[in-house]
Structure formats: structure tokens, C-alpha cells
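Given below, in the form of C-alpha cells, are the structures.
One chain, chain A, links the two complexes that follow: it is found with chain B in the first and with chain C in the second.
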Partner chain A sequence: MEPPDDKTVRFQINGRSHEGTRGESLLAAIRRHGYEVPSLCYHEAVSPYGACRLCLVEVKRGRRQKLTTSCNYPLQEGIEVFLDTDRVVRHRRTILQLLLAMAPEAEELRSLAAEYGVEDTPFVTDEEHADNACILCGLCNRVCNEVVGAHAIAFAGRGLHKRMESPYDDVAEACIGCGACVFVCPTSCIGIEETEQMRRILKWHRDLPMQKCAACGRPFAPTFQIMHFADKIGVERSHFDRCPDCR
Partner chain B sequence: MDDAKLNVILDRHDRDPSALLAILMDIQKEENYLPREDLGRVSERIGVPMSRIYSLATFFSAFSLKPRGKHICTVCMGTACHVRGAPKLVEQIGRDFDVKAGETTADMKLTLETVNCVGACALGPLVILDGEYHGNITPTKLERVMKNLKKEQG
Partner chain C sequence: MESLNVFAARLWPTENRFVSGHRACQGCGEALAVRMVHSILGRNTMVASATGCMEIISSSYPDTAWSVPWIHVAFENAAAVASGIESGLDILAKKGRLPKRRITVVGMGGDGGTADIGIQALSGAMERGHDMIYICYDNEAYMNTGIQRSSSTPMGASTTTSPAGSLSIGQQTWKKNVPLIVAAHDVPYVATANPSFPFDLAEKVRKAAAARGPAYLHIFSACPTGWRMAPELAIAIGRKAVRTGVAPLYEIVDGRLRITVPTPELQPLRDYLKPQGRFRHLDEKTIAEIEKRVAEEYRKLENREGRKI
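After this line comes the complex of A and B, so read on.
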């Protein structure tokens, strides 16, 4: 093991000592040590946002012990973390009920709730959103901004009317069709369809022609995506005339 | 908005992306709303993604993405005004001008808006017509305030 430097901190999870890096996401540290904490809005590739509240834990620091989301809690020296206290489980159940009211159709959410014995919600579902599985976690948006760099979508409105949307809920002109948002969406509510000619990102109303491989003729990625990445990494666009197999 | 005018607004704020909010306010002051086509040009020229501009423009209720009427009548629906009869005032204006809250008359003369508390509760119920505040409004007083508008509409 490497000698501890000033970036290494010691902390406890459920009474056992562990090491981590100062300032890293507490949730990431917990998981790296093999413990499980549920989450819907966290992905290690992007900045934490604290939207779903499911990653709740109790953190004791000095004499104070409090509930906190772990994804956006920066790891510190000497904290004691408790994962499944009664308080955590009770609050997590309520949060699941609230999320269910928001997206009653979301399969992934239903099954996670079931694990906590939550089958139903006492909260009222807004009819307008009843068929909408989006839980406003913002992951799609962060991935699109921070990883892809396309900035195609964002939150619109606020309060009850908040939604994740392409500008004017119209064709997302800036979307390159990479599908990263579809991949990270925890409730699979964005939707993607692919044919020989087209890739379609349903929620953002974006249709993109597919690039055919110059050698084998197989369509392999949306033309826009290829141009975007060629420009980003600074290679000739023609580098991507062929699919990875024929290159 | 013509190009020269838009550029004047952008230059006034040094085309600074962090001045986006002020830029949107200036555009709305000129146009009465935020035309989609204008926002497209703002996005290109100050290098802020359209998604971000749309996000901001839909967040603040002071912005409108739809054309608004020549006159704007805002009825305060905060708790104090509400209990003192603000909903009745909205109804009254709606009836007299054939317009729903949040919408604009067919002849584009009047937009009727409601807000949740303007912070002048002691004056409630409160109606703001084209930036002018009218407090302690009763149905008769409201008629007087809206009289000129009614005439204009014919």
C-alpha cells in the first residue's frame, strides 16, 4: 500500500475503517469499498447533482450526526458513515414514494422501490406527467454537456412545470445523436430507434442520417456524431469513412 | 428585431455570456417578448448554447416566449390579494376583454397575467396595468382603470 499522503483520509463505514481521497464523492468511496447504496442521478463520469436523494446516508462528524446525500458529499478525514440506519431507510422509503408519484410508469424505479417494500405511493400524481417516466435527475443533461460537449438539452420551466427538454420542445439542433443520454437515463425514458438510414432520439425529436462504412457498407454511427468527434480530437473527418472493423 | 438593433444590445453588454440575463431583459423590453429567432442569433453571437438560453427564458416568469399584447395587465394572486377577491378580478377582466389568464386578446391589445405576490400586500387586491400599480381594487375601480383600454379596443 502507498504511504498516506495529505490527500489520503481515514474514515469509517458502519464502524469499519477505510481510506479514501480527500474531497472525492463519498458515494464513490463507499462503493469502491464494496458497500451498496442506491442512486438514480449519480454517474462517476459527471459532476454530482443531488437530485434523486436516494443515496442518503448518515454522517457523524465530531458530535453531530446528520442525514445527507452521499453523492455530493466531499469525503473528509475522520467522518463516520452509517449506511442503513432506521432513519436512512425510513427517509429513503418516503423518497421512493415521492419519486413514484412523479414517474409511476418507470420500471427501474418500481423495482428499486419494491426492494424497499414500496409498492405504491400516497402522493398525488400530476395527470399531465402520468405517462412520463422522467424523474428530472438531470443526468442526460450533464452527460451531454460535460462528456459529449453538445449542450443539446436542458431543464425548462420550474416548480411543477419543470421538465427536461430540447429547446422549444422541438428538434434538438445541437444533438449529434451519440446516444449517451439514452444510455445513462435511469428510467429509460428518452428512447432511441435505429434503422439502416436513420438514428432517431425520440425525446429530443432528433433524426440523424447514419454514416455508411466506405468499405463494407454497414451503417455504424450518425454522420453528425462522427464529424463532432473528428473535430474534437483533431483528426481528418475522412479517418472515419470506414467503420471500426474495416479501419 | 433587426440585426443592427440586436448588435447594439449585445455590444452594450460586451457580448459577455454571463450577461445573458440582462441581454434577454433588453430584448424583451424592445419586443415585448423573446422572439425565437432573436434568441438563435444571441446564441450564435455570444456563444451560449440555445438549450441554456431556453432554460433561462422559461425559468423566469418575467420572460415570455410568446408575443404579448400592447398593454399588459397583471393581477396579483398572492395570498393577501387572493383572499380579498383577486380571482374575481381576473374573471372580470377575462369576461370584459375575452381573454384567459396567461393569454393575449385576439387583437393583440391586452395580455392578462397573474403573479404570485408582488410584495405590496397592504394594497391588495392589486392590479398592475402597464407598470402602474393600482391598489385596493374593487370591481368598480377596476372598470375605471380599464376604461381607456376598453375604449381603445372599441
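After this line comes the complex of A and C, so read on.
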């Protein structure tokens, strides 16, 4: 039988036939069909990046069968996908151990590791950055670029010294303090603090004064963020004088 | 977290476990809260639901709004059934008949199914220390059966069994404080939440799911039908409830209380009462009395902050 149109492709997951859209993320297609594949760096709202390596699957195309990350594998006609083969599970365990060495305390990572029977890591944990549970998944950076459009943070350094940071590890001047990075971070390593006067994004060293509502006097968003919004959607600043409750 | 908006909202999971097509009234804050909670909890979840609004609207034969395993049980035993599910899963896992993954067991009920009829099952489940979440969706009366008063109905509200009139102000007693009753069981996590503060709610649902042992969430859910107000006000009224101190948002982690949305200056209670028909009959004197009590309760809560409950 011919596929209904040239966008629809047929492929197999663990030997069962399924349909998907050509070129979409393999991980998204697998999950849509009700299978489970773990991941930490994938988010449906941003482009896939393949950094955490946990979404490993085996893909057979023609006569070649190989291990690959599914999040950034574009779906193709006729591929066969195998989710939990011994090889996948073995590699995933090692990856979990490596990630645990970077962030031994991260709750989500720990519970994921426990599902694979990984309680501890044989690798050397990074003592120098013990307070920094970043696993370099880059999700905060992609969210900041693609969803927020602020471009406030980026990777710096290479190899062992690679890290996610604000420019020169100084105050991130472009950060609007929206907290989107805090919300998506899989290891909760960014940190946000809020008081009456200030919102602080700890990892990017950003302190933003809060705007008070003209009607009720309650602080509701950082002033800099409101300026960003006003510019972006082209309305008067005064539109944001009041908080959403009083508007 | 509570004042994050625009951008973080676009990162909310889009896959629903409580899907559209159910029969909830327009502007139902409770259905919204259920949808939020389950989009955060994800697919490895099993739910035992007491009788109530959420049961009748989501599961009228032959349809269901649930895309996770869900069981409807009697009014009084949602917590008992949820604790049974948790024990059953535990045994199956020990026998190696389940994949080694964390399955979140949720018991849910309305305020009637929690504060009145289900409280002994709830107390039992919390005391036995099952690894489960119990969620009370509090819309402050038995809305499903026709707006009868419950022990969670606020003082002054007119319901069909506490009607306001020349001899009565409506509900004559103060709202039962279920979160603190549960906290007295010394459970690892207790929190109040509100769908009008979605990120605060998401954070609390995650913490409840991660807690080892029983967790309790008390979710304040606006009910336009029973509160006699316009459906489009459901979100606004939830925000007002927090700002006026009627339904403060706090969490109790290992016995220590923290107010997550502090409101140092409470707004006038009238802002909260006025849009609601169930409070329409209240005179100035009664409103002042209730306002005084609300402020008193809020100060009590502030005094508890950071201390062991």
C-alpha cells in the first residue's frame, strides 16, 4: 500500500508499524505512539540538541544498525527502531553514571538513574564545582534564544572547562529575568530569588528591580522585562503600569 | 516562581492527560487545576478519584477524559484505594513483575470527599506513610449534588443547605483547615495551591511527586456555578483569594511552613466577596467581622512561618 502523501512515512518501533511525518524528531514520534524514552535536554518548544545522550535508541536503516540519539534524528521512511535493547540499556547506564558525576545531587537525574539501577557513579565527581549541578544540556540557552529571544547566555570554554554562563561570567546585561531557564532546567541549578524590590537570577548574576503596580502597589514583574515586552509588541509603556489583576 | 509569565508559559507541557470534551461547567477552576496537575505529573500516574464533580464530568459512560489509569471509587475511600494501589505496585515491583520505574499514585477528591466524608480514609493513608499524593480540589461546597454546604464552605456563604435570610448569614462556621490537619500527621509534604498561580502549582506538584512518603495538596478551585459568579472571573477570583488572604499559598516541607506567595498587605476583602452571588447578602458589619478573622488567620500563618508546625 502506498503512503497517503509524501509527508507521511511508515516506520517500525520494536517490530510494530507506525506512521509519522517525514523529518520530524524521532523522539517526538516515539513518544506520541506511547513508548517511553528518557531524556533531559529535549523540550518540544525548542530545537533538539542531542546533549544529554539519554534518548539513545538503535536505528536500523537498510542493512546498517546503529546507536543514535533519537531527539535529533529526522524520521525517515522504512527505518526500524529498537528502544530497549541490551546495547541501548548498557550505554544508557554509563551515560547516567557520567551525568551523575556532574550533578550527584540532582533529584530528577537521580530518580531516572535509579530506574536503571544506577545508584552511584564510579567516575570522579567534580569537587571544584560541587555547588554547580549543570550537566551542560544547553536547554536554558536554547530556550533563551528561541523562545524568549533575549540571547543572554551561552556556552563558554571547551572540553573540561566548558560551562554555561553569562558573558565573561559577569552580569548578564541582556537577561530580562523571565525565569524561563529556571523553569526548564532539568537539574534546577540556576536559581531564582524574589523579594519585594528585586528578582535575582543567581547563576547569571542578574539583579532586576521590580515594577510596582500603579493601582495596588504590588511588585509584579521586573521593569527591564516590561520594557522588553513594550518594545517587542509595540505598545506604550503605560500599558504595563498596572499588574495583570488591576489592568 | 509565582510571578513568572509569558515565556515560561510557552514551556508548559502540551500533552494532556485530562483531555478536552468533558462536561465541566464553563469557567470551572477545578477542571483547569486537574488538567494542570496531570500535565505536570505525566504518564506514569495512577489515579483513584472519589465521587464528586471531577468524577461525573470526566467519566460519563461510555466516554472518559482520562488518558492515565483512573478509577472511580466511593465518596469515603479514595485515599484508602490509592494507598492500596501503592502497596500493590510495591509488591508487584518486589516480585519483578513491573518495570523498575516510579509510578505516582494519586488520590483525589473534592472538599466534601476530603474534609467531610473521606477524612478518616485520608488520615489513615497519611498515617501509614504510603508513597502517594492526595489532592483535594476545594470548591467550598458539594457542587455536584446541588451546592450543599460542607465543612470547607467559608463563613457567610449562602448554599442550598445554609441559605442566607433574615435569621442567618448563610454558613455560620469557619472553614475547616484541612492542610494543617494533614500536616499534623507529620507527612513530608503539604501545600496549598491555586490554578490562578500556575507556576507555583507546577512547582508544588513536582515537589509532591518527588517526596518519599505521603504528600498532600489542597487546591483552591473556583466554581462559577456554585459561587454564583460570571465564568470569566474564575482565574481573577483565585488571584483575589490569595491577595485578600482568604486562601493563602504556602507549603509545609518536613514540618516547616513557608508562605510561597507572600502578601504583606492584604487587599480589602470586599474585592473578593463582591463578584460572588453567594456573599451578596452580607452587610457591612458581617463583612468587617469576616475580614478581621481572615487577617487574624493570616497573621497566625505568618507567625508559623519557618517554624516547626
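Things worth noting here:
As a working rule, the second predicted complex is superposed on the first by the 244 of 247 C-alpha atoms of A that agree within 3 Å, B and C clash if a C-alpha of one lies under 4 Å from a C-alpha of the other, contacts with A are read in each partner's own complex, and residues count from 1 in each chain.
Here, a residue touches a chain if its C-beta (ideal position, glycine included) is under 8 Å from a C-beta of that chain, and two chains touch if they have at least 3 such contacts.
All figures in this text were calculated on a predicted structure; none of them were measured in a lab.
In the superposition on chain A, A:30 makes contact with neither chain B nor chain C.
Of the two partner chains, chain B is the only one touched by A:158; chain C is not. Counted by residues of chain A touched, the larger count belongs to C, out of chain B and chain C. Once the two complexes are laid over each other on the shared chain, residue contacts for A:135 go to neither chain B nor chain C. Once the two complexes are laid over each other on the shared chain, residue contacts for A:226 go to neither chain B nor chain C. Using the contact criterion defined above for the overlaid structures, shared-chain residue A:174 touches chain B, although it does not reach chain C.
Once chain A of one complex is fitted onto chain A of the other, the partner contacts of A:96 are absent, as it touches neither chain B nor chain C. In the superposition on chain A, contact is made by A:148 with chain C only, not with chain B.
In the superposed model, A:57 lies in contact with neither chain B nor chain C. By the touch rule above, chain A contacts chain B in their complex via residues 151-158, 165-168, 172-174.
Taken in their complex, chain A has these residues touching chain C: 36, 43-45, 107, 111, 114-117, 143, 147-148, 178-180, 182-184, 192, 194, 196, 199, 216-218, 220-221, 229, 244-245. Across the complex, chain A is touched by residues 36, 49-55, 58-59, 65 of chain B. Per the touch definition, chain C reaches chain A in the complex via residues 1, 3-8, 10-11, 13-14, 43, 99-102, 199, 202, 210, 236, 239-240, 243, 264-265, 267.
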